[in-house]
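In order of appearance the chains are A, B, C, D and E, and numbering begins at 1 in each one.
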Amino acid sequence: MSQSQWSELVNYFRGRSMWMLHYCTGCGAIELPPVMTSRWDMERFGIIPMATPRQADILLITGYLSIKTLKRVVYTYDQMSTPKWVLGFGSCTINGGIYWDSYNVIDRLDKYIPVDIYIAGCMPRPEAIMDSFIKLREMVQKGEAKGYEKYTKNYEWYKANQDHVFGRSEPVLRKAEEVTKSA
Amino acid sequence: MTILLKLIQGIGVGALSIAVGLLFIGIGRKITARIQRRYGPPPIQNFFDIFKLLSKRSISHGFAFDLGLIAGFSALLAAVVFLPMGQINIFPHNSSLIMIIYLMTMAYLGMAMGVSSSGNPNATIGIARALTMMMGYEVPFAAVIFSVYIFSRTGSLANIVAAQSGGFLNWNLVRLPFGFVAAEIALQGMLGEKPFDMTIAPSEIASGPMVEMGGKYLGFGMLQHSIGLFIETGIMVDLFLGGASNIWIFIAKQFVLYFAALMINAIMPRFRIEEGVSFMWKFPLLLGVVQALIVVL
Amino acid sequence: MNSNLIWLVALPLIGSAVAAIVVRYKFLDRLITFLTFATTLFVLFSVHVGQSYSWGLNFLGTTLNLTLNVSHLSIFMLYISIAFGTVLTFYSLIDHSRMKGFLLLLILAANNWIFMSNDMVGFFFAWELMGWASVVSVLGGREREKSRHAALYYMIMSVSGSYSMFFGIFTLWRLTGTFSISANIAYLSSIVGIHPWWVLGIVSLFFVTFMIKAGIFPFHTWVPLAYAYSPDAFTPFLSAVMSKYGIYGMLLFMPLSLMERGFPSAFGGVPWTNYIFVWIGVITAVLGTVLAIFQDDVKKLFAYSSLSNLGYVVAAIALFTPVGITAGIFHAFNHLLFKGTLFITLLAVISRSGTSKLSEMGGLWKKMPITFFTFFVGIASAAGIPPFNGFGSKWLIYQAMIKQHLPFATILLFLASTGAFMYLFKAFHSIFLGQLSHDYDRVKEVSAVGKITEFFLMFAMTFFGVQPGYILKPIGAIVKSMGLKPLPVMANGYVTGMFSNIYVPLISWSLAVSFTLGFILFFVSAKHKYVSQENNYTAGQIPEDWGLTPETYQFSWNFYQPVEKLFAPFFRIKIDGFFRGTGDWTKTIGSAIKEIFVGNAQMYAFFAIVGLIIFVIAGWMA
Amino acid sequence: MSIFNNAALLIGVPLLFAFSIPLFGLISKQLTKWVTLFVIGFNATFSLYILLAHKYPAVVVMGNWVPPFGENLYIGPVAAFLVSVISIIGLLIAIYNLWAIKLGDVTRFSVLFLMFTAGASGIVLTGDIFNLFIFMEITGISSYALAAYGPRRRALGGAFKFLVVSSIGSTLYLLGVTLIYTQLGTLNIAEIAARINQTTPGLLTFAGILLISGLAVEAELFPFNGWVPDTYTGAVSGVSASLSGIAAISGVYALFRIAMTVLGRDGAYVFTYGKLDLMTVIAILATTTVIIGELSALSQKNVKKMLAYSSMAQMGLVAVGFSIGSKLGVYGGIFQLVNHSIAKSMLFLIIGVLAAAGLGEKVENFRGLWRRSPFLSLAFTIGAFSMLGFPLFAGFWSKFAIVGASIQRGGWYDFVIGLVLFASIVEAFYYLRIVTYIFSSTEVKAPKIKVSLSPAIPIFVLAVAIIAIGVYPNFIGNFSMQSAGEFTHKMTGYVLNVIPTIVAH
Amino acid sequence: MQEFLQNWIYLIASVSLIGVGLYIVLTKENIFKIIVGLNIIESGTNLFMVAIGWHPNAVMPIYTATDHLVANGKVIAADPLPQSLVLTAIVIGLGTTALALTIGIKIFEKYGTLDVRKIKEAEE
């Protein structure tokens, strides 16, 4: 079996088994239960929700991201192992949605992490979500979903964007030594 | 030559147990889905998952992490060869049940060591829960085991199977009904099915022991689970369902037991941990003790 | 007359005197201790079963014959205790705790004398010697005040036990006119059929002592204190070797229970005296386990663990069947090996980290890998996991119990075994796994001497796990010397119970093959990369922003809180309270009696006159 | 009779020097202490010579009046042994006193100390019950005065209590002696012992009660021992040591000389007390003493007072041993008596040294002593362990013998020894409390305690003696065994040696 | 009556003295009264001792040639030994009393009281 055949095989299996971490920040999360349960049942495609980024293949961002939240998303994304894919869910991840002019909400997710598929809508219907899953599966099986490679390749760019936007916020809690000092 | 043969047999049995275990879990997922009026994944979904997991890059927290996960998988693989299953019985004179149980314990210890060394408290909490639950279900299970021991006058699984030969009425299921019920409930705990799945409670402790596992580590975990499922149901088949004359009947009987567990799993919520243990020490233990009393007196 | 026997006692005594002189120089003290242990072991090679030595002591008006006699049991005990002592003292060369070598040598002398003595005077002498030497040894723990209390508590229990035995010895002497242990036991066994209650009473006097020394319920209360607060280097000896004296004493007297059938059987052909004793063992095992689960002090945890294991041993030997005795002695040996190892590794850990609190440690495995693996093998043994050494004996104990149709006792022992897994893992996790606190960034692995010891112990545990025959063969001889039929087949590695057989090497081979497969599968799978311990799933929180330090991310406090909730009703019963209550009560009476001495000359005169008058009146009345 | 065989020197020389010491005192006060030392040294040498050269049994006759007509001294195994012990311990305490006695009237202290030693030796040596009284009073008066010595006022209180109780005791004894005399017309112990059956039973009972009650004051048996705690605590440590090491020996000796030789009979006791015999009564007293002593010591915070209570209890134990009446029991009693003297006087000396170093007498003050003075700590531990009867220390063998004898005797002695063993557990607790304090450490860095040579010698010698006896008990054991023979076989052991011609009635 | 008195007077007197002395010792608080009490006890004892050597018809135990020393074939001289004993006892008693008085004075100096119940230390 040649290298390409092997990777085709691997991609096929990967496409058949995609585990998802849903990062529910906004209102869009309400559309997920129908997707998971009997009405649409995403498990038939081998897609099941997981508890931690270590286990997951897909990172699903369901809504607007404030700067603080973005920090967590980036950390979570970093903690996932390759191969990994990001689904931007709803208008908020595309252009900030109704928070487009907010001082502390980012307006475009793929400036900070690579997004493989955006699902438009406010909010997107479950059908749209299912469709995106199928799309992603096809892309994976064809070997087209390479967002994570893009991230590695252009890491400086992403990092600069992240640092730029994080500069606008201070840590919520104090530093460790300050915490211990006050305690 | 014999050694080589046994080696090949052993590896074969290991592969079989993995395959059957994975298939069982896949079928289980399908059945659960149907109960919940979903379509459900294909029964072989778990093979996809395993393949994906083993081919996915992963992170590790150190050598103990690796070793623990390998030990968890390997010790069960070592235990499964001692299990008499139908006509396949590689070491007929070495099938002491307690030995198999202690070998399985090594797997748990390895697993526990691995996930704890990751340094994630969720994992450790999960392990603590698992061990607590283990103390819960082992007691009624021990009551049943020792009843069967005394009843059959042997502690070797092969001999217990032999003692049940000759028809349905000779099965321990019929002769030791209380014990069977107790063991069945204990099995539910052993398999970690609801209502005893507090170990991996995903929403409370982020799937407990598996929290830091990704890629092949999670794959090893799944393999361990599938072999464990195979051994545990296999022990039950040997203890109560009279073993089997060939491997297919054996697997069928195993599936019957697993099916029962699945049914309960599909409709139950989760116990709190101390509720789970005290439940185990009330009803099943009472049944086990009644059974032991009946056997002894 | 074999004078080499006397050297087994004399050599440690001489060594002790020498070590006592140089006790200020810790290393010299330890070195002499180690050399004496090694030499004693060397002398022991010349000792064989059946040798005896006696010397007259001109005492009590007549010549008192002190006899040393080597039986199968004694030589077994001698070998395991001295060998372990040698390993321990070798390790102690690099240790900095306050253990005094010369006291250890005194205990060694007493140890050898106890195991060989065939007369009760010598036995009692040695027993008392061991008692006070160990008490003084306990004194030097890290936490001085607690160690002081522990020593005092231990002493009171120990002295009470000794006096009970004292009483028993002289009662026997009054009855038989001889101090010889074998003659007295023969006498007791000749009358057990006629006066069972008498024999029970006398033997109880001895058994109280043995139970106290072995820490058997309800006399277990001193064990956790003494173990936890003794010097770290002494605890291994205390747990591994000294708890076996009680077992040895019980084994001496155990044959009585079945001879002549003094007592009717309870269940399963076990005389009811033994039946009660089995249950005492079982209760000890369960109690030790349950209490161990909740300890935060690791030495206390393992103290309770010792308790639990000795419960197993007692339950097994109380059956007094071939399997039971074999299993009991085998487990005693295994306990010596794995608990000694565990305490030695704890010694290493505590000396490096400076604490014995589980909640203050964690993640040390990266810093002390060899200690970590030794500890791992140790807990695997303690949990009874094949192929390490604890498995065979635990398995045999179940066989022995089931053979006598005692399912409930067996169930509880099984519970104790699962519980053991819980506390062992707790200790394992809280010390070695989890997050490494920055306080321990500079912790180093033990030095070469420690590493050698640890490798040796790891090897020993694995070796005796894979080849139990080397231990089972001498145990077979012991069983035979007790008048029982030894277990039928005991080729190396082949363990025969009554219900099923196991071939231990097979398990090892099977494990070896499966581990190889596991590693192959692991390495052909996709690559992994190592990440730092802080890189952990924290629900997306970035640790630095969150004020998260390794200690706060380590779960070891209230480890089994749900179980605690479960057992809460049982914790209200305090055995300790009984002893402490007796103590307080005595103290109250003492203070009240002290008030007699009011400090007034008139009152004293008054007492004297009243005493005289009572005398006179009583003289007239009587 | 050569001069070296004349045991009267053991009494005479100290008395002579006692009264001439003021003359030496004119030269130098320090000299008096040295004179005391040399005189007691002479006593020790001479008594050891008698003991080791086996110059006994011997009767020393005063003024050629042979017994029973004259006063006589009898040196039997008991006397030879106990006098040696008394003299040696006296010598060691005298060495200690060289250092300890600095304040106040050193001369008079020396006088009193010599008188005290002479009196104690006299009690052991004399063969006459009235002389026994006189020596008792000599010992008594000198010990009241010694007990009152020292800067502390509680010494006075203690001495006064001692004086009152002891005076009443000696009065009782004297009345008893008088009653015996009315019956038999003789004061010679041997003759009384031989003719004891000729007395009127009722009067004998009464006399016996008076004698025993009177002697029980010195032998520290309850309820005649009220003085013990205050006196021991109040007196300076050297005196406490002498009281427990020397006076106690003579007290116990006198009690059992009267109880066993005078009032007793070979193998049994003629002296009946209603339905009980005398030894039963003494056993009851002794057991009560042990229990009361140990229990009182238990909650005691003052170490010296604790040792005092412990002395009381130990005397009780000795009396238990004697009261068994078998050879083994008496053997244990004597052995225990000697062991107790050695250990307890050493403990008191240690307390003295510590007190001089500014360490209080509280139990807590002993915390961390090991760091401050390993020598004293070790010695104290050795003494305590000997008290508790731990092996390798002297106390083991005597306790062993007493317990053995009790259980051999059987009957209600099982109960007695059960109580005694219970009390021993209590004893173990309070002694080990101190030992554990010694080896536990203090946070405060305390200075080392310097022990000068003069107190160090006796402490060292006594500690070594304890271990020596513990390891090789036969040396003391043989003497104890001979002594036990003298007590248990009154005719062959005592009476016939003094008056060979007498016939028992 | 007279004969009775003749025979028992000394005994009664001595026992009464001892009793009185004991009463004083046991009840009086003053140290010096207690010492006096001790002295009275001692006197009683001495009287008792002298009395036992005495006989109603006895004569001095001094050897004379007359035979009135002998009555009914028995010598009825007063026993001289108790008298010598009494002498000794008196001397001893003197010593004790002197010492007791000294201690009494010292106690008054140090404790500031003569009440025997107050001569104690605060309990440690």
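Note that a residue touches a chain if its C-beta (ideal position, glycine included) is under 8 Å from a C-beta of that chain, and two chains touch if they have at least 3 such contacts.
Just so you know, these numbers come straight off a predicted model, no measurement behind them.
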### Query
Which neighbours do subunit C and subunit D have in common?
E
### Task
Starting at subunit D, figure out the least number of steps needed to reach subunit E through touching chains.
1
### Summary
By Cα-centroid distance to the whole-protein Cα centroid, the innermost chain is C
## Note on the structure
By C-beta contact count, A-C versus B-C, the higher one is B-C
#### Entry: Of all other chains, the one whose Cα centre sits farthest from subunit D
A
### Query
Where the centre means the average of the CA atoms, what chain is farthest from subunit C?
E
### Query
From the C-alpha centre of subunit A to that of subunit C, how far is it in Å?
57
### Summary
Chain centres from averaged Cα atoms put subunit B and subunit D apart, in whole Å, by 78
### Query
Hey, how far is the Cα centre of subunit A from the one of subunit B, in Å?
36
### Query
How big is the gap, in whole Å, between where the Cα atoms of subunit B centre and where those of subunit E centre?
100
### Summary
Residue ranges of subunit E touching at least 2 other chains are 22, 25, 34, 116, 119-121
## Note on the structure
So subunit D residues touching two or more other chains come to 157, 160, 163-164, 168, 230
#### Entry: Residue list for subunit A, restricted to those that touch at least two other chains
52, 54, 79
### Query
Which two-chain combinations qualify as touching?
A-B, A-C, B-C, C-D, C-E, D-E
### Query
Which of the residues in subunit C end up touching subunit A in this complex?
535, 537, 540-542, 544-549
## Note on the structure
As the complex stands, subunit A meets subunit B at residues 10, 13-14, 16-17, 37-38, 41, 43-46, 50-52, 54-55, 57, 79-83
### Message
Under the stated contact criterion, what part of subunit B meets subunit C in this complex?
### Response
7, 10-11, 14, 54-62, 64, 66, 69-71, 73-75, 77-78, 81-82, 91, 93-99, 102-103, 105-106, 108-109, 112-113, 116-122, 124-125, 127-129, 131-132, 134-135, 138-139, 142-143, 146-147, 149-150, 153-156, 159, 206, 211-212, 215-217, 219-220, 272-274, 277-278, 288-289, 292, 295-296
### Query
What residues on subunit E touch subunit C, complex-wise?
22, 25-27, 29, 34, 116-117, 119-121
### Task
Within their complex, state which residues of subunit D touch subunit E.
130, 133-134, 137, 140-141, 144-145, 148, 153-154, 156-157, 159-160, 163-164, 167-168, 171, 174-175, 178, 181-182, 185, 187, 230, 301-302, 305, 361-362
